[in-house]
Each structure stands twice: as C-alpha cells, then as structure tokens.
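Order as written gives the chain letters A, B, C, D, E, F, G and H; numbering starts at 1 within each chain.
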Amino acid sequence: MTTPYKRLDKAQAAVLLVDHQTGLLSLVRDIDPDKFKNNVLAMADLAKYFELPTILTTSFEDGPNGPLVPELKEAFPDAPYIARPGQINAWDNEDFVKAVKATGRKQLIIAGVVTEVCVAFPALAAIEAGYDVFVVTDASGTFNEITRHSAWDRMSSAGAQLMTWFGLACELHRDWRNDIEGLGTLFSNHIPDYRNLINSHTKFTS
Amino acid sequence: MTTPYKRLDKAQAAVLLVDHQTGLLSLVRDIDPDKFKNNVLAMADLAKYFELPTILTTSFEDGPNGPLVPELKEAFPDAPYIARPGQINAWDNEDFVKAVKATGRKQLIIAGVVTEVCVAFPALAAIEAGYDVFVVTDASGTFNEITRHSAWDRMSSAGAQLMTWFGLACELHRDWRNDIEGLGTLFSNHIPDYRNLINSHTKFTS
Amino acid sequence: MTTPYKRLDKAQAAVLLVDHQTGLLSLVRDIDPDKFKNNVLAMADLAKYFELPTILTTSFEDGPNGPLVPELKEAFPDAPYIARPGQINAWDNEDFVKAVKATGRKQLIIAGVVTEVCVAFPALAAIEAGYDVFVVTDASGTFNEITRHSAWDRMSSAGAQLMTWFGLACELHRDWRNDIEGLGTLFSNHIPDYRNLINSHTKFTS
Amino acid sequence: MTTPYKRLDKAQAAVLLVDHQTGLLSLVRDIDPDKFKNNVLAMADLAKYFELPTILTTSFEDGPNGPLVPELKEAFPDAPYIARPGQINAWDNEDFVKAVKATGRKQLIIAGVVTEVCVAFPALAAIEAGYDVFVVTDASGTFNEITRHSAWDRMSSAGAQLMTWFGLACELHRDWRNDIEGLGTLFSNHIPDYRNLINSHTKFTS
Amino acid sequence: MTTPYKRLDKAQAAVLLVDHQTGLLSLVRDIDPDKFKNNVLAMADLAKYFELPTILTTSFEDGPNGPLVPELKEAFPDAPYIARPGQINAWDNEDFVKAVKATGRKQLIIAGVVTEVCVAFPALAAIEAGYDVFVVTDASGTFNEITRHSAWDRMSSAGAQLMTWFGLACELHRDWRNDIEGLGTLFSNHIPDYRNLINSHTKFTS
Amino acid sequence: MTTPYKRLDKAQAAVLLVDHQTGLLSLVRDIDPDKFKNNVLAMADLAKYFELPTILTTSFEDGPNGPLVPELKEAFPDAPYIARPGQINAWDNEDFVKAVKATGRKQLIIAGVVTEVCVAFPALAAIEAGYDVFVVTDASGTFNEITRHSAWDRMSSAGAQLMTWFGLACELHRDWRNDIEGLGTLFSNHIPDYRNLINSHTKFTS
Amino acid sequence: MTTPYKRLDKAQAAVLLVDHQTGLLSLVRDIDPDKFKNNVLAMADLAKYFELPTILTTSFEDGPNGPLVPELKEAFPDAPYIARPGQINAWDNEDFVKAVKATGRKQLIIAGVVTEVCVAFPALAAIEAGYDVFVVTDASGTFNEITRHSAWDRMSSAGAQLMTWFGLACELHRDWRNDIEGLGTLFSNHIPDYRNLINSHTKFTS
Amino acid sequence: MTTPYKRLDKAQAAVLLVDHQTGLLSLVRDIDPDKFKNNVLAMADLAKYFELPTILTTSFEDGPNGPLVPELKEAFPDAPYIARPGQINAWDNEDFVKAVKATGRKQLIIAGVVTEVCVAFPALAAIEAGYDVFVVTDASGTFNEITRHSAWDRMSSAGAQLMTWFGLACELHRDWRNDIEGLGTLFSNHIPDYRNLINSHTKFTS
C-alpha cells in the first residue's frame, strides 16, 4: 500500500538536467541564489564523480530564457544536449526520450527549472513509462513555496521519490571505503560546514 | 498504488471560478493581496487564452460576501454565471452541475475563495462524480497556513492534483511553437521577472 | 486508491474535546494564544449551534495539567465529562468509549491539546474501530511545527481528514437558507474580518 | 535631539527614480516581484497625480543592467532622463544634480534599485547638500533583509525619513476634499483590498 | 543625547483612537486579525479602566472606509467623536486639536489604522506641538512589515516612544496594590496565558 | 488503503541512535541547537526510562565526523555500539542488523543525523525487512527545510510513522498511573513549560 | 552625538534578575522555551563565574505569577532577594534600590520577564538615576516580536546598551588567559556547538 | 544631530578580518552557510581588488576555535597576521593596533565572527580612538537574530555605519569607467543573478 524502497544504484541511474538557463534562473525565488547555484553545481559534480550518464536539455535558448549556464555545458562537454525547439515537457521531445533510452538506465534523477514544469512534467511522464524517478528537490527551483509545494505533492503522489543532492550522493556511494577522498572532496567543495570540519580535523591530527 | 499521470488537455478541460467576491477576498490572508490579485487575473487570462469553457459562481452577492470582482465578470461576459441562492458547496446547486456537464469536459480546473470550502467541497464532489480535478492552489485563498494545509491535504488525499496557474498554462500549451507570442504575452503580463527578461532580450537583440 | 469523499452530516457527527486544560495550554506554541483561544471557543459554539453530541474529557485535573478551561465546561453543562484517572489515550478509557458509542454517531470530530497525543491517539484508535475521523487542526495545539507536522502526517496517513472549524461549520450547514442569521452570528463572533464585512454591509444597506 | 517633523509639501517635493532597470530588477529579492512591481508603478502614478517634478536616471543601459522598465519611460515622457555614463552615485553626475536643482524643490523623494547603493548614495549626498530626503522603502529593492536593514539604518542615522508610497500620497494630499475621486482611483489601482472596499461600497449604496 | 525617561502618569495621559473603521481594518495585514481585534479592545478597556480622557475620530465613514467598529463607540459613548470631513492627519482638524487641548493632558497615547498615516501624522504633529507621544504599536496596524518598520522608524526618530498596551497598563498602574482585581481582570480578559494562570491558581489555592 | 494504527508497545520497541557525532552535529541547521540537544537527550532519557533495548552506531569517528556525543555513550554504557567502518546505511552493516535482530523487537524507533541519510536509509531498509518504523523527527536533524521535507516525504510514503519524543513517551507509557513521578520527571527535565507548571503546582498545593 | 563606548568591567558591574517566575514564564513567546531556559541559566552561571553582585526580585509570588524558578534561587542563596509587595517597576521599591546602591556598582546588567515592563521600567529609571545600563536581550522574554521591538527601541533610545549573555561574558572576561578552563566550561555548558567543538578537539589532540 | 555622510575612499580605507576560523564558523547561524561563505570570500576579493591594506587576526587557533579558513590566508599571504594569544577584543592586542596604525588609514572596514564580540568590540574601540568604522554586516556572523540585532544596535548607536560588501564595493569604486571588467568580474563571481545577467547579455549581443 506504500511506495517500496527503491534504492539508487550507480549502475542503474542516469541524470537529467532540464532548463538550467541564465534567464529562467531569475524566476527561481523559493531558494536563495547562492545556495541554489551551489546545489546545481554539486549535482553536476556528483553526476561526474559517479560517472552517471547525464543528459542536458534546454528550452528556447535564443529567446528570453537565455543560454544554459556555462558551468553545466563545461562539466558535460560530451553529454547529449537537446535544445528543444518548442516542447515544454522534455519527454515530448523524441530526441530526449531516445537519449534517455540510450543510457539503458531505469533510475532517472531529475533536476531543473522550474520545478512544477520542467521537472514535474518529464518526471510524471517517465513514471508512466515505467522508470523509477528521483527528484532532486534542492537542485530544482521555482517561483515560491506554493508552486513548490504543489509540484512536490503532485510528483510524490505519482510515486516519485523526493531527494536532495547530499542524500543522492550517499545512497549512490554506499560505503566510504569505496573512495574516501573522492566523496570527501565533493562534500568539502559544496558544504561549507563539512569543509570546516575537515580543515579543523586536518590541523589537529597532523 | 499511486495517483497516475493525469495530463491536462485543452480539449478536455473546463474552468470553475468559485466565489471570488469583493467581501470574501478580505478573508484571504495566506497569500499577499498583490500576488493573489495577479494570480486570479492570470488564471482568467489563461482560461480565455486557451478558450476553456469557464463557469462563474457566487454565494450571496447581496450580503456581506459582496459582488463578484468586476474583472472576472468582464473577462467572461457570456459564461454561465450561477449566483447560488444558498448552497455553500457549488456542487449542491443543480444549475452549476448542469453547466459543468454542458461543457462536456472531464477535466475540471478549480479556483476559489476560501480554499477549504469553496474549492474543496466542489473538488471532492466532482472527484466522487468521476471527474479529474486540478486545484489551482495559487489562485485560491484562505485564512492562514493551517486552513490551507488542511485543505490541500484533504483534496490531495482524495486524488485531486495540486497545480498552479503557470504549470497549468504550460501543460495546456504543450509546445511553444503552437503560439510563441500568445503564451509570451500571458507570461509577460503576469510574471514581472519574465517581463524583464523579455524587455532585456528585445533591447539586446534588436 | 485514495481517501473517498466522506462528507460531514450533522445527524451523524459528534464532537470530542480532549484535554483543553489551563495548564496544558501553556504547552501550545504552534499557534498564537489569541487565535487559539478563539478557535477553541468557535469550535464549542459550532458544536452547540449544530446541536452535536459533545464529549468532554480531561487528564489529571488535580495535577499541573490544571482544570478544564471554564468556558468549555460552561458551554456544555450537561455533556458527558470524563475526567480520566490516568489513561493518556482517551480511547483507552472505557467510559469515554461508552460515551462515544452512546451518541450513536459514526463521524467523530476531534480537537485537543496536544495534537500528537491527545488528538492523534484517540483519532487513530477511532479509525481502527471503524469511525470516520475529522481532526480540527486549528482547535488543536502542540509544541511546535515539527510536532505538528508529524502528528498531521501520522493521522492523515491513517485516513483521518484534516479540517478547520470554519470548514466544518460550512460542511455541516450545507445551505445558508437553513439559517442565515445563526451561521452569520457564529462567523461574526469568531472571524473579525467577517464581522467587519457585516458591519459595513449593515451600514450601507440600512 | 531628535529628527523634527519634516512634512511633505507637494509644492516643495520632487521625485528621483534611480535605476529601475530590467536587469537590475532580477537582483531584488527582499520583496516579492508582484508587490514590488505594483509599488514602483504606484510611486510613478503618485508622482504624476501630484504633478511632482520627476527625474529618471539609469546606469549602463547597454550592459547587463538592461534598459529602464518601459512603464516608467512611458509615464514620464518629458522628464529629465540622465543615462549616467559610469557614476554609481547619481549625485556624482553633474547633469543629475543640475536637474535636481532645476526643480527648485528642497524635498527629495527617492526610490531605486538597489537600496543600499542607488538609493542610499544619492540620499546621503543630498542630505549633505542640505535637502530633506524621504526614502520610499517599498519602491526600493535589494538583495536580502541584511542589505536592506543596513541601508535603512545608514540612511535613517543620517536623517533621511523612511516612508512608503501610501504614506507619501496621504501626506501630500492632506485632505480628501481636494480630490476624492483622484486619490481614490490611485488607491483602487494599487491596493487590491481598497479596490474591494470601493466595489462593495458602490454595490451596496447604488 | 538620548530620549529621557518620560514616564506615563494616569493623571497626565489621554488616549487618541484614530480610524479603527470596519473598512480600513481589512487593510491591516501586519498582525493577525484575532490578535489585532484583541489588542484594540484591550486598549479600549485600558482607557476606561484608568479613566483616561479618550477621543475618537474617523475618516469618511460614509465611504468605503466604513463606520467606526461598534465596540469602540459603545465603550466610549460620551467621548468626543470627531468624524473628520476630509483631513487625513487628524491634527489638521481643529475640532480634534481642541478636544485634545480640552483634556488638559500632555501625554498622548495614540493608536490607529493605518500606522504610517493615521498614527504617524498626528503623532509627529503632536510632538511638534510639545506633547509627549506614546505610540501603541500593537493596537495600530498597517499593510505589511515594510510600512510598519518605516512608520516606527520615523516616529521613533522624532522622539515618540513605542509601547504596547500591556506595558502602558503596567506603567499607568504603578503598583498592584492600587487594585489587584481590576488589573487582573483586564489581563485575564485579554491575555489567554494570564487567564490560564489565574484559573490554575484559583483551583489550586481554593 | 491507508497506514493502519501501529501502536508502540514498550515490550516490542527498540531504539536506534544513528550518528549523533560531534562533527556531524554542526551540519544540523533545520532546528535550533539548544532545542536539538534537548530533544536528543530527552530521547535518550526516554529509552532508559522505558528500558528499551538501544543500539548506538557511528560513522568514521576518527575522521571529521567526530566522536559520538559523550552524553549518549554515558547514557548507554552497555548498549551495542557499532562503529561502522564505512557503510553509510547502518543497515548495510551486518553487526548492526544482528544487534537489531538480537533485541527480538519488531518496532524500531530511529533518530539520527542527518535525517535524509542516517535516518532514512536504515528506516527504508528496516521497513523492507518487515519492521514497523517510527521516526523521531525532532531528535533527527539535517541541513535545512528542503532536505528535511524530502526525507520526511520519502519515509512517510514508504510507511514509516513520523513521531516526536513526547508522543513516543506518551504512547509507550499508556497510563499515568503506571508511574506518575517517573514520567513527570522526564517531562520536567526536558520541557521547560511543563517544569514551570509543576513548580507552580507544587507551591500552590503544598 | 552618539552613545560612547561604555565597556563592561567586572569590578563595576552588578546583575539584576527581575521576575523570572514560573507563571510569568508562560507569557514568554518571542523566544523558544528551550533556548530561553538555557539563556537564563547561562546568565546566572555567568554572574556567578564573574562573582558579580546579583540581586533577585519577584512580583507577587503567591499569585498566578508563581514562584521564582528554583534554579535561580539555588544559584544565589545569599543574594538580596526582594519579593516586591506590589510595585511593578522594581525601581519603585526602596529595598531594591538600596540593594543596588549597596553593591557600589555603576554598571547594571538587567534581564527579566517581561521585557517591556520588568526590564524596561527599571532600566529607564536606572539610566535616569545615572547608571550605565546593559540589557540582556536574550535572557529577557516577552509576548511577541512587536512587544519586543517596542521595548528594545524604547530602551535603546534612552541610552541602554543591548547585549546578549555571550557578549557580556566576553567583554567581562577580556582575555582568555585569565582563565581558559573557566570560560570554556561556561561556553561548553550553554552553547551546544561550542561543546561539540571542544569534544572534537579533545579527541583529535589527545 | 545625526550621523554625517562618511563616504568610503579607497585611499583612506583598511580592512580588518577578525576570527573567521573553521571552528568558530560552526557557531554562525544567523545566515546560511553557503551565502556566508560567499560573502566572506567576496569581502576578501573586494579588499584585494581595491588593494586595501588588510589585517588578519585570530583567536586561539590551536584550540577548538580552529585555524583561519585557508582561503583567507591564501588571499592575503603578505598581510599582517596577528594570532592573538588571548585578548578577546582584537583592539586590546598591541600588535593589532600597531598594524592598524601602520596602514595610515582612518576608515576601518570590519568583518568577523561572531558579530557581537569579534566585530563589535574592536569597532567600538576604534570609534573611541577616532576612526570611522564601517561594519560589513553580511560578512559577519553570529548565533541568531537576537544576538545580531543587539550587536547592530550597539554599534549603530555608537556611530558605526552598517554596510554590506556590495555597497562597499560600489562606494569604493565610484565610477564604472574606472574599470568595468574588474568590477564586473567581482560581481559575476559572487552574485549568481548578476552572473546570469552577464551571460545572457553576452550571448545576445555577440
């Protein structure tokens, strides 16, 4: 009667980054810009660190939505990049769905702007298509808390799992012994409190 | 076990605007009045833009609840207008239900004041009657966050989908290429940040 | 797959007021005391107005929890009053359950202090016993927003419906024509904004 | 020992609108965009209604700061318009100061984006130059509450008076009998609650 | 260099209640309506309890501002009642100033709606006229926190003392022994937490 | 169709305290540190008071995560203490699962830092393994409200029950008569408002 | 023109703890009870640590205000203890003023409940009497943020310095070398984050 | 009677960075860690960009306060670095005061952790010593909003000017034409919204 435990597996997961564009980002007001920028870049670093297949897509880059933020393009120079000619739901774009299928993965991690559209629409479509969907709530942004709550409620009711980038990283990594330094560096670069802990620890133990 | 993806279709949707009256609006304190006015008018513009059948209804206009806000009456001069003689739940009014049936639509988009009564009661009744219900959370208002949360929880538990006007517009439009200027104008008129993006873009590309 | 529409019926509903005691009220910090006092008294007036069978119960009046607030005792001088000798969950008290059964009602409206204990415990037990439960979220109070959210989530997951006193009144009344003045007085006494609307209306139409 | 009562006089006041540009507005996050847009347009309508000399100025329109929002340009087609070539403090621009002096007014009403720079710098300079300064806090915006508080504290400590557009309008108008309809229209267009009051009143008294 | 201790004296103080009208009250959104209603009535009870000369004034009762709230009229049936024909600043009305002078008091306690206009304007004028002004911040209301902060800052900078009704009552009363029951009743009627303390105390000590 | 009433039974429950380490605690920012410290120590006192089997576990104590807070170690000197060599999900550690099984309990009460990882991962795994899981939301902490909401939603959707320490204590105790002084002491030590009630009561009745 | 630097000197300072009574504490709602209890006890420990002359006073202990919290009485068994028979302003009590004078100190550190009365009244009177006053804002509590802001503004305008217990401790201590362990213990006992730092440091350096 | 306009001059200003240490940073809870880290690094970049003499100081690096954050040490490898042996107020350390005097500057820009101690103490001492002090409120952090407000009020009352890093940069730079690219880069690196504006502008104009 309840959502079972769907556990992320780095061999089964792919990442979809949807419409993190320079214009659209000015619409995001449910999360502070410094924090949001950090979360999106953390999500990108995470995808690279775990070598997850990653797909980039944008909507109308030549219009007011603006270009993809350069850091994401630089982070994934070889990733499929679908500049959608008009489809608002990325899942309506055949190339996008093909790219997803080409990954061979069944667990889709989705982040984007804005949450109730660019994230929720492909999330709902992917669930319908049989995928397990993990929404990165803190690397997705929208207008305000009402739009956010509505989006989260709609996706959660449909069976999507709401997660945040730190939880994703931990669930994918499973065991610190797989690579202490790698995961530590990811956290140090994106969690100031953790960086401070590491710096204090290093000083006192060296 | 979860709510399936019910996707809005502009050929299947109708809009119900319930009790946006000048007196009742003074009860709304869970959302700022400037923003709420904008959201309600955006919802109206959206309904007109997509040519969705729209039904207006009010409760006790001659009493303290006051008249329908004039902008809504002007926006839908030919819409069915049911001034209910006493029923609190609009669905208890036969004329209202007849008007809904007359649209031939199965997807009902509902907004109103106050959320836990004027929206929740017909929403629950409509679900029971077999309709798919989409609640416009940001064009609906109520006393405070407790009343709001309770209303949202009750409707979501019953299978209603919580959405906001921007998400509705995007899901109905499907593809920017259907009409770039039309949708852009809707957004420019009701999202100051988007209007600024358009104005900057126009200046720099002309 | 979802909670069906359980509609309150004044011939089917009973009210349980649990542990609104002078000491325990100092624990309530998730809602402002002026508002909370108003909501509790509104709930009492509502129960009297609709002549719903009402049951009062308290926990340890001679100890620090303190006596029942006098206004509730005065409002229901003839109601069953179960001063529990020790049971924390009122449903564990046989007299209380007997009093509930004696009402012959199947819809239980529950308010109390504190939410996650005095409301949630009998609510969960009543659902298990086959009752339909309606929690009055704004006439129930607790320590803070974390305790509140947890209590609401636990009860909602178990099938309780979260409502507030204004929604209860509207759902029970059904139609203004049943008694315009009575319902108007209830609202005027407990909703300052509505009282102002009535006063303005009276002046301008008389 | 305290700031004396400096009362606004419509024959003595001029308005300075500083850097309300389409790009800079995306930096404003201490006030909701719907409300902020309304406040800025209300300030403009107020200046026109009271026929106050008004000066527009911008910073780097060809760069990312973007053009002046078109509504302000349209509202004051004949106002002095100083597109500053580089000075961050408008008071450092000779043409701007000349335009201020040319008004012959000694009471300066200042609004702009962002508060701690585009408003505070000319405000502090104008006070030093002997003007009485009235800051329109709700038609000025900035990054967050820390930057806002710091800006307000610095200006208030220097003798600027913090006001909002509604207070300005009331202090300038002095007496409703000077023009009931005019002031009423200004309020109706920019205060939804006041608009509702007027619409209810009109219905019930006509 | 700082504001000296101006201590309220019940033989020196008068109360000015400005524009608590049924329409204007719908504009108040910086304080919850239940709490605000309580504070205004507490202020009225306080004025009566200490037998302070009290002056009522309103603006445009026949228009959308609406009538004075009936409770205040009933509380002070014999008080000077100045229905201003148009002056926004009550101090611009000769009858009002005459009524103030007629009290012979030099300490003015002012509350009203909205804070930055109906309170701040007469407060600033009264200070200029040589009175000591005490603003009742919690029995005065306005649109939002920005308008409130600006009003408080302007009045405080001019030498007004910001107080709340409870502090006023305590400073006027000086010593519980002057009348324990009277002051206790005032607090019991308007502070739910205090009422609970009294009820617990009564039970345990009787 | 809904989560049934799973009632805590002190003969069936065990407590898992996961990663309350001195370094990790600096990551907790969704709850004030004074309150969080109190809640964690209340949870520990509760476990001891009800003599619930308790298991301690930590992650990387020699690294920046830091040692277990000493108060927990002192509270449970004989409890199983699993210092995990690397597994992020405690349930992936065989010794931990063995320790859980060794308790013979089927109701698991889990608290930890951070909520979406150290609590959510073992909670989801335990549910999958057939246990009933009760999450102590106020003795678990994480980065912010987004991470918290996502964690709560994921766990609740999977069937975990969200509770707080006070509710746990009440549900486990069942009846005050089992030990009035014991439970009262627990509350007095960890709820300042309750302590005040007791102190007032003692004074007035002695 | 500004308040000069009045620096606390442990040879010049005395502490006044006003009306921290078990009943009155239930009125404090501008600060969380766990945090407030900690701050008050930290203030007491601080006074003892620096051996500052400390005066206790209460108002109506036999009435609903309740007794002094026992921890304070225990902390200062030999301190002057003035149970005021009725004076609301402690400074109106001759014994209290005598006790203050008897300390021979000119710097008065004041904390109490509620801020705008029990703290503000003696603070204003003490300033008038020529003392330097330091208000402990975080060991003083009141009804809400409006009463708090008003109290702080009134006291600050009169020349009181607003401080918190941690700042007081640091200004009194001057140099860690005077007693590292003593000050560290004070911080460890009342600042959970600092305690964690110490525990981590101890582990890693031992 | 008011603070005059003290305008920052890059030839007169020096920067004091006080106690930004890895341990102490865990105490900062009045500002989000992502934003605070950004503000501190922006302050450092600003000091370097304007080539302002900068002084670093720390308190007890070998103890739990931890080492200076490495980024600051790296940013100013040749700056005076005063590791204070025990003085809590940096101004009590002779080497620190000497280093300040050696800069020959009279305008001191101060940021640090925590605000009410490490910033306020030297700020008040420097004002007393005749310096003009500019507090960087958003690059200074402390425990909570009460400690912050108290610190700001104490410093502002003493004549310190509250500013934020962005305002400092603008006041120091005076005119964009002095170096458009340099200032633009500073903003792009530390203001995500500005970075987005630049990226959109670059795309659309190239």
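Operating definition for what follows: a contact is a pair of C-beta atoms (placed from the backbone, for glycine too) under 8 Å apart; a residue touches a chain by one contact, two chains touch by 3 or more.
If you're wondering where the values come from, they're calculated on a predicted model, not measured in any experiment.
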item: Contact-richer chain pair [F-H vs G-H]; value: G-H
item: Which listed pair, F-H, D-E or F-G, duplicates the contacts of D-H in over half of its pairs; value: D-E
item: Distance from chain F to chain A - Cα centre to Cα centre, in angstrom; value: 31
item: Rounded Å distance between chain E and chain H, as computed from the means of their C-alpha atoms; value: 43
item: Centroid spacing, where centroids are CA-atom means, of chain B and chain G in whole angstrom; value: 54
item: Multi-partner residues of chain C (each touching 2 or more other chains); value: 1-3, 23, 26, 29, 32-33, 66, 144, 191, 193, 196-197, 200-201
item: Of all residues in chain D, those that touch chain A in their complex; value: 26, 29, 32-33, 144
item: Chain D - residues contacting chain H, complex; value: 1-3, 23, 26-27, 29, 59-60, 63-66, 85-89, 92, 114, 116-117, 120-121, 124-125, 127-128, 143-144, 146-147, 149-151, 153-154, 157-159
item: For the chain C and chain D complex, residues of the former touching the latter; value: 197, 200-201, 204-205
item: List of chain H residues in touch with chain A within their complex; value: 22-23, 25-26, 32-38, 61, 66-67, 69-70, 191-193, 196-197, 199-200, 203
item: Complex contact set, residues of chain H against chain D; value: 1-5, 7, 31, 137-138, 152, 156, 161-164, 166-167, 170-171, 173-178, 180, 191, 193-194, 196-198, 200-201
